[in-house]
Every structure is written in structure tokens, then in C-alpha cells.
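Structures incoming, each one as C-alpha cells.
Next come two complexes built around chain A: one with chain B, the other with chain C.
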Partner chain A sequence: MERLQSIPKAWIYLILVIVLAGPLLKPIGIPIQISDGVRNVFDAIDSLTPGSIVVFGFDYSPGNAAEMEPQALAILEHLADKQVEVVGISFQAQGPQMAEKAFANTAWSEKEYGVDYINLGYRAGGQAAVAAFANDIPGTFSTDYSGKPSSSFPIMQGIKTAADVDMIITIAPGQPGPEDYVRQVYGTYKTRIIAGVPAVAITQAAPYVQARQIEGILGGLPGAAEYELLVEKPGMAVAAMDAQSLAHLLIIILIVLRNIPNFFGAKEARAQSISNSTPNGRGGRS
Partner chain B sequence: MKTSLPVAIMTVIALLIILDFFVVDSASVQWIKQSGLVLRSWGIVISAFAMGLGAVNLLRRHVVAISRRETDAFYSILLVGSMIVMIVVGIASGSTSPVYDFLFSNILSPASATMYASIAFYIVTAAYRSFSARSLESWVLLLTAVIVMLGKAPIGAAISGIFPVASDWIESIPNTAGMRAIMMGAALGVVSNAIKMFLGLDRTYLGLRD
Partner chain C sequence: MSLDMGVWVAGLVTLAILSHVWKENPFYRIAEHLYVGISAGHAVVMAWGNIRDTAVKPLTEEGQFLWIVPIVLGILLYARYFKGISWIARFPVAVMVGIGTGVAVSGAIHGDFSQQISATIKVGSVNEILLLVFVIASLSYFFFSRDLKGPLSSVPQLGKVVLMVAFGAAFGTTVMGRMALLIGRIQFILGDWLGVMK
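On to the complex of A and B.
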């Protein structure tokens, strides 16, 4: 029984590799259900009219792209379909490159830069930069990612503050993230906010969603997978769902194995304590 | 004077930023809006300098490690080399150039993704080793974790429709209630700390203990 509590690390690693690689190479096709939260995000974006201005915060880096990028790509596909105008910004140093990649790998690659979409690059400063952006968009992002004056692009005409923006979408695994946009943008301008966060950060963003300060959140890879299905463009996230399911199952099995000795041990200890507390041991009543 | 002047500067600047948040955008208080705008721009510039300072510090620390031939000097050489290459390429050809893009897409991205992905192995072994239920509370925690893990992956719904429903309930009711309490507590803490700083009671940011 004790052996269940001391499975070598190497074996666990090996099993995990098999569990993750297997479904990626040969998908099982576990059905994916669309949750209400993801449908809310879809409906909010779907309500945008052609020509609406959407600020898209590429606030993630290559390190967390595996979880965040599928969310960004799925939403961008939907935005392209809705024929809105997208202003890409970033408060994360490596965000502009992620934006370039995302625009290039979606339907936006066929649209006109500077007219339909733009990548304004990165600004340092965290929450202070978010506040500055909300008050003065062309002033905070005075140039685009390539260094050209942002005011020279047709898409930027008429955009001064966050009040001129119809929706802000931020894909952010950390700080600055959705909370900063709520504090600095929603608090003053009431601009609609949608957020994409990693699965572990859903709890942090949930109070803002319940207060309707954030209109909807996509959580982790499952959120991205559900969104890919809603926009009918299954991609990386849908492909990874089988692997994620089996990985979760593996963790649960390992936890159960770890606790079997505890469970039986507790039972034995209880039996032992009853036996000790009676003068003649078990069934010792005379 | 040595401490009261910085406290006064901090208080005036902080009050301007706070006022900017609350006042409406009318001509009579335009100066507050303008001050807020300028101060936030300064904040961005200072942040950018802080990043530069961080990079210089990192470089200095690892150059010293290389010169002293410390145990892990190889990694320092790797870091300094990578840093110099990225800086030179970035400055010489710009961050939109094909060379910079090549380095970003083929070295930085895969390396960062690998680091992040390797966490999965630690999470699985950590869950296995640490989730040892020995009390009622730990059994409750264990059961909650199992429900949420199943509810957050398609396999949960495939096993039973109860898992996503239960997982959503845990996340949106008890979990959010706890999170909200923490957030409100933290916000009140920040406000009280700000008041202490305004009154000059907390001067630790000046490098003073009392």
C-alpha cells in the first residue's frame, strides 16, 4: 500500500508525456460543450456593428502563448468576420510581436494595415500606462510598432480617448490585466471590456464579471476551444482539449492513488483506537 | 526638510492623480486633467527608465559572475551573449526586421514556451505529493479540486453533466465570494497605507524605517 505513496517522479513524467502526446497525435474527439460564459463573450462581440472600433490588448508573451494565443486568434477571426476596426496595443514588452503574429495568422492578413487594423506597439508603465492610454490614446501611442506616427493612419482619425472606443478586449495572463482596465478605463469611460485570462486567473476576474464591469471572460485553453467552435474555426485549442482532459484525469488518478493508504490507514487507526478504548479489545463488552 | 519635502511632493502629486479620477472634464478644472495627463506620461517615462536600469543591473551582475568564473558562469555567458545579440539586432535593424523576427520566433518563443510547458510536470508531481488528505478540511479541498478539474475539461461533461455545473457553482459562488473579500480587504489596506504616506507616518519609500 505504501508504494502507492511513493511512485517515482520519472514514472509520473513518462506517463504524463504519453498522456499528453497520445491524443495530440491521435485525437480521441471528446465532445466539447459550450459554457454560458464563453457564449456571453461571443454574443457581446457579435453585437458589434461593422466599423466599430475595438482596442485589442495583446498583453501576453511567448511564455504563456500556448494558453493565450488560441484565445486571441479565435476572437480575431470573429472580429474580422464582423468587419470592425482593430487597434492593437500592448502593455507587455513582447506583446507587439505576438500581435504581428496573430494578425498574420488570421483573416486580418488580408485586410489593409492602417485602415482596418493597426499595431501600436508597447508602452511601459503597467497600470499607469493603461490610465494614460484611456485619457489620451494618440498621445500615449504616438507611433505604431514600426515607428510611424499613429495619427498618420486613417484608422486613428477620431480616436482620442477610451470613450471613442466601442470595446476593449485584453488577452492578459498577468499584470497589467483586466483589473487594470476596469479601474482605469471602465471606471471613467464605461467602455465595454472583454478579457481572456489563463484558467488559474478566472477566480481573480470573476468578481468583475459578476459586477458587469467586465462583460465576459474566456478562461484558459478550454475557453479558447469553445470559442473556436463558436466561430466554426477549430484550431490549436480544440486539438489540445483531449490532451488536457486526459492530463486532468491523470492528476485525479494520482491523487486518488496517493490517498488510498490514507483512507484505509485512517480506518485502521479508528478500529485500533476503538479496540484500545474497550477493556477486552474489539467486541469486548461483557 | 530632508523628509518633509519629498512627503509634500508625493502628497501633492498623488492628490492630483486621485482628483483627476473624480473630477468631470470641464473648463474650470482643466488644469487638474492636464496635470494628471502630464504626470501619467512621466510615470511611463520613469517605468521605461526602470526597465533600462533593470537590464543594466542584470548585465552587471552576470558580467561580474563571468569575470569571477563562478560555478554557473556558463549560464551567465549565455545570458549576456543573448542580451547583446538582441540589443544589437534590435537597435541596428529595428524590431520589425526579418532578423529580429527570426530570433524572436525561432529562439525566444520556443524557449519561453518550453519553460512554461515544463511547469506541467512539476504541477502533476506536486499535486501527487502534496494532496494528502488527513483531515476533514483536506478531504473537502481534495473533493473540490477533483470536481473543478473535471468540470474544467471536456472529459468532466463526458462523464457526467453534474461536473461542469458543480464546477461553475464552486467558481462563481464560494470562490468569488472569497476572492471579493480578499480584494476589498486589499483595497482598504491600500487606502489606509496611502493615508499613512500622505500624513508622513509611513516613510519607508524614502528609505527610512520610521
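On to the complex of A and C.
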């Protein structure tokens, strides 16, 4: 029992790394079910007609790219198939670089910059910047990421406010995030919103989906994996799902093992306290 | 195995950071300081780019002189570092707090208050009825003005259970997220760096 309580921390991490690396090197192929939430996101994006304007918020950074980037790549592949126009923005300082990388690693690399898509870079200010963006897109993002006037690009012609946008997709692990787009954009302009959030923020974003302020959310790596399957382009997220499932199993086993001594210890302590409370010790009733 | 210098640096720094699970060591410290320094440097460059594109260029190139106001307010923030005139920094802070509060409250009333309440009280399916019951039960757990007695006392107890389920779900998804981050690093090491993962 005591051994279970004193497993060195380093050993637990080592076992975890082995459990994670194993299926990455030799995939098992645990089936992935497509959830209704992810299918809703797919259907919403699939309903866009060619030429629709989509604002894509790259509101994540390298620190959380492992969870967020697969979502962005899978959705961008779908958007490329739909032949819509994508306006990349960011309210996160490292977002523009993530946008550059995402456009370069998807079908968008073969499309024309400034005509089919654009990267407008980063604007500081959090929720206030989101409000300013909704009210005046070319004014808030007056230049693209390289510093050229945004109004000089064909894609920006006719885009003034959020009302001129058919859909906003934000991939955001924190703030500004989906809540800020709901507060500052949906309330006034009723622009359709799709969000990609990390697993930890699913419960936070779900009420907005229930209230239909957000049309759908992708949650964490499983959301990305399901979307990769829907667009028939399995990538890093699908490859990671075996590892994630096994890691969860390991954590459940560790929690159970760690609590067995506590469970029996509590039982023994209770028995001890009962025996101490009786005047004659054990068997005092007789 | 990658021949890209940047991938090698990223790989070695990843190992240095992960080495902290074994124990505190100089490699971890070097990587930690690199991370903090590069992040700070990047943030300063992006912040300046933001000020330049949003305010300085329109002021100097397009003659939009109104941008002098936020630029001066921004500079006044640094008054707090000078004894005697540090009180001046309160003005830009007041403007920032005022604008921030105004923007947040106006958005929250619609987005977080009226629309959320109307969506919660609209019951049609079993799920929506359960949602309404659980919301009321959870709120009742934080009702301290009067002690609920009799059959009503079970409502906050139900709220407590609902909150525990919600916290459990949040814990589970947090673990899932952290695993995803670790998987991302292992994918990078095995795939991009060592090239042993297909």
C-alpha cells in the first residue's frame, strides 16, 4: 500500500511519455466517433457559398498551437474547398505568424494573396479592439501584416463592418475569444460565429452554443481530429488521438491506484475510531 | 533527422524544459530565461508595430491630428516612474478603465445576460428542462440571505452536486488539454526533429 503512495514523480512522467510516444510511432487505430457538435460546425461552413467573406481569427500562439493549430488547418482546408474569401485577423500578438504558417501549410498556399485571402496582422486592445473591428474593419486593420494599406487589396473592397462578413471563425484558447465576438459582434450585427476552443474551455463556450449565439464549437484535439475526418484530410490530430486515449486510460489507472491506500486507510481509521469510542475496546457490546 | 538549425534549437529547448520534471537544472534555467526574454522582446516589437500602424502613421502621413490624444495619454502612463508627477498616470488609467468598462458592460448585457437568460428559460425538450432546473439549483447554492429549510433545502444540495459535476468536467477537459500539449511536443521531437514518426 505504501509503495503505491510513494511512486516517484519522475517515474510517472516516464511512463506517460512511453504511453504517448508508443502509439505515435505505431498507431493502434482506435475508432473516432464524429460528435453532433463537430458535425454542426462542418454543416455551417459547408453552407457557405463560393465568394462568401469569412473572417478567420488566429487568436492563438505557439504555446497552445498543439491543440489549436490542427483545428485551424482542418477548417482552412474546408474553406479552401468551398472557394470562399478569407480575411485573417488576430487579437493575440503571436497570431499573425500562426496565420502565415497556417496559410502556407494548407491549400491556401496555391491561392492568390490579397484576392482570395489576406493576413491583416494583430491589433492590441482585447475586447475593445474586437468592438472597433466590428464597427470599422478597414479602419481597425488599416494595414496588412506586411504593412501595406489594407484598402489596396481587392479582397477588402466592400468590407466595412461585421455586417459585410458572412461568417467569423475564431480559434482562441483564451481572451479575446468567442465570448468577446459574441458580446461585440453577434449582439449588434448577428454575424454567424464558429469557434475553436481548447478542451479546457469547452464548458465555458457551450452556453453560447446552447443559446445559438455561436453556431458550433470545435473542442480541443478530439474536435480537430473529428473535423480532419469530415474533410477527409487526416492529419496531426487524428494521429494524436490514440496517444490521447491511452494517456487518459493511464491517468484513470493512476488515480485509482493512488486512491486505494486512501480508501483502505480511511476504513481502518474509521474502525480504529469506533473501537476507541467503546469503553471496553473491541467487542465491548457483549 | 532534420538538418534545419531552427528545428534543432527548438528540439533541444523542448528537452531542456521537459527536464524540469526530473529536477531543477541549468539547462532548464537557460531555456526558461530564453523563453521569457524572447517573449518579452516579441511583445515589445508587436506592441510598437501596433502603435505605429494604428496611431503614428495616420498622424504623420495622413494628418489625422486627433491621434495625438491617445499617444500623449499613453506616454503619460510612464509618469508613475517619476516621483512627484506619478499622479498624472491616473488620467490615462481612468480613460482606459472607463472605456474598458463601457465596452465590456454594453456587450455583456446583451451577450451574457439577456440572451443567456432567454435561452435558459425557453424550455421545449427534456435537456432544456434539466438545464433550467440545474441552473436554478446551482444559483440557490449561493443564496445566503436566508437558510432554506424543509423540502427546499434539497435544492441547494442538488446545486452542489451539479457544481461538482461541472468541476469534474472542467478537470477532465483540463487534463485532456494538457495531454494534447505534451503530445504536440512529442510529435515535434519524433516527427519534425528526429524524423522517426510518419
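Assume the second predicted complex is superposed on the first by the 264 of 286 C-alpha atoms of A that agree within 3 Å, B and C clash if a C-alpha of one lies under 4 Å from a C-alpha of the other, contacts with A are read in each partner's own complex, and residues count from 1 in each chain.
One rule holds for everything that comes next: a residue touches a chain if its C-beta (ideal position, glycine included) is under 8 Å from a C-beta of that chain, and two chains touch if they have at least 3 such contacts.
Here the structure is a predicted model, which is why all the values come from computation and not from measurement.
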Chain B versus chain C, judged by how many residues of chain A each one touches: B
Partner chain(s) touched by A:A239 [first = chain B, second = chain C, both, neither]: second
Chain B versus chain C as contact partner of A:A107, first or second or both or neither: neither
Chain B versus chain C as contact partner of A:A44, first or second or both or neither: neither
Touching partner for A:R212 - first (chain B), second (chain C), both, neither: second
Touched partner set for A:Y13, first chain B, second chain C, both or neither: both
Which of chain B and chain C A:T203 touches, first, second, both or neither: both
Contacts of A:I32 with chain B and chain C, given as first, second, both or neither: first
Partner chain in contact with A:A128 - chain B first, chain C second, else both or neither: both
First (chain B), second (chain C), both or neither touched by A:G187: both
Set intersection of chain A contacts, chain C complex versus chain B complex: 9, 13, 16, 20, 64-66, 93-94, 123-124, 126, 128, 131, 147, 187, 199, 202-203, 207, 210, 219-220, 222, 244, 247-248, 251
Contacting residues of chain C [partner chain A, same complex]: 21-22, 42-43, 46-47, 49-50, 53-54, 57-58, 99-100, 103-104, 107-108, 110-112, 115-116, 118-120, 131, 166, 169-170, 173-177, 179-187, 190-191, 196-197
List of chain B residues in touch with chain A within their complex: 21, 33, 36-37, 40-41, 43-44, 46-48, 50-51, 94-96, 101, 104-105, 108-110, 112-113, 115-117, 120-121, 123-125, 127-129, 131-134, 142, 145-146, 149-150, 152-158, 164, 168, 171-172, 175-176, 179-180, 183
Residue ranges of chain A touching chain C (in the complex, touch as defined): 9-10, 13, 16-17, 20-21, 24-25, 64-67, 93-94, 121-124, 126-128, 131, 142-143, 147, 179-180, 182-184, 186-187, 198-203, 207-208, 210-213, 219-222, 236, 239-240, 243-244, 247-248, 251
Interface residues, chain A side, partner chain B - complex: 5, 7, 9, 12-13, 16, 20, 30-33, 35-36, 61-66, 93-94, 96-97, 100-101, 123-126, 128-129, 131-132, 135-136, 139-140, 145-147, 187-188, 199, 202-204, 206-207, 210, 219-220, 222, 225, 241-242, 244-252, 254-255, 257-259, 262-263, 266
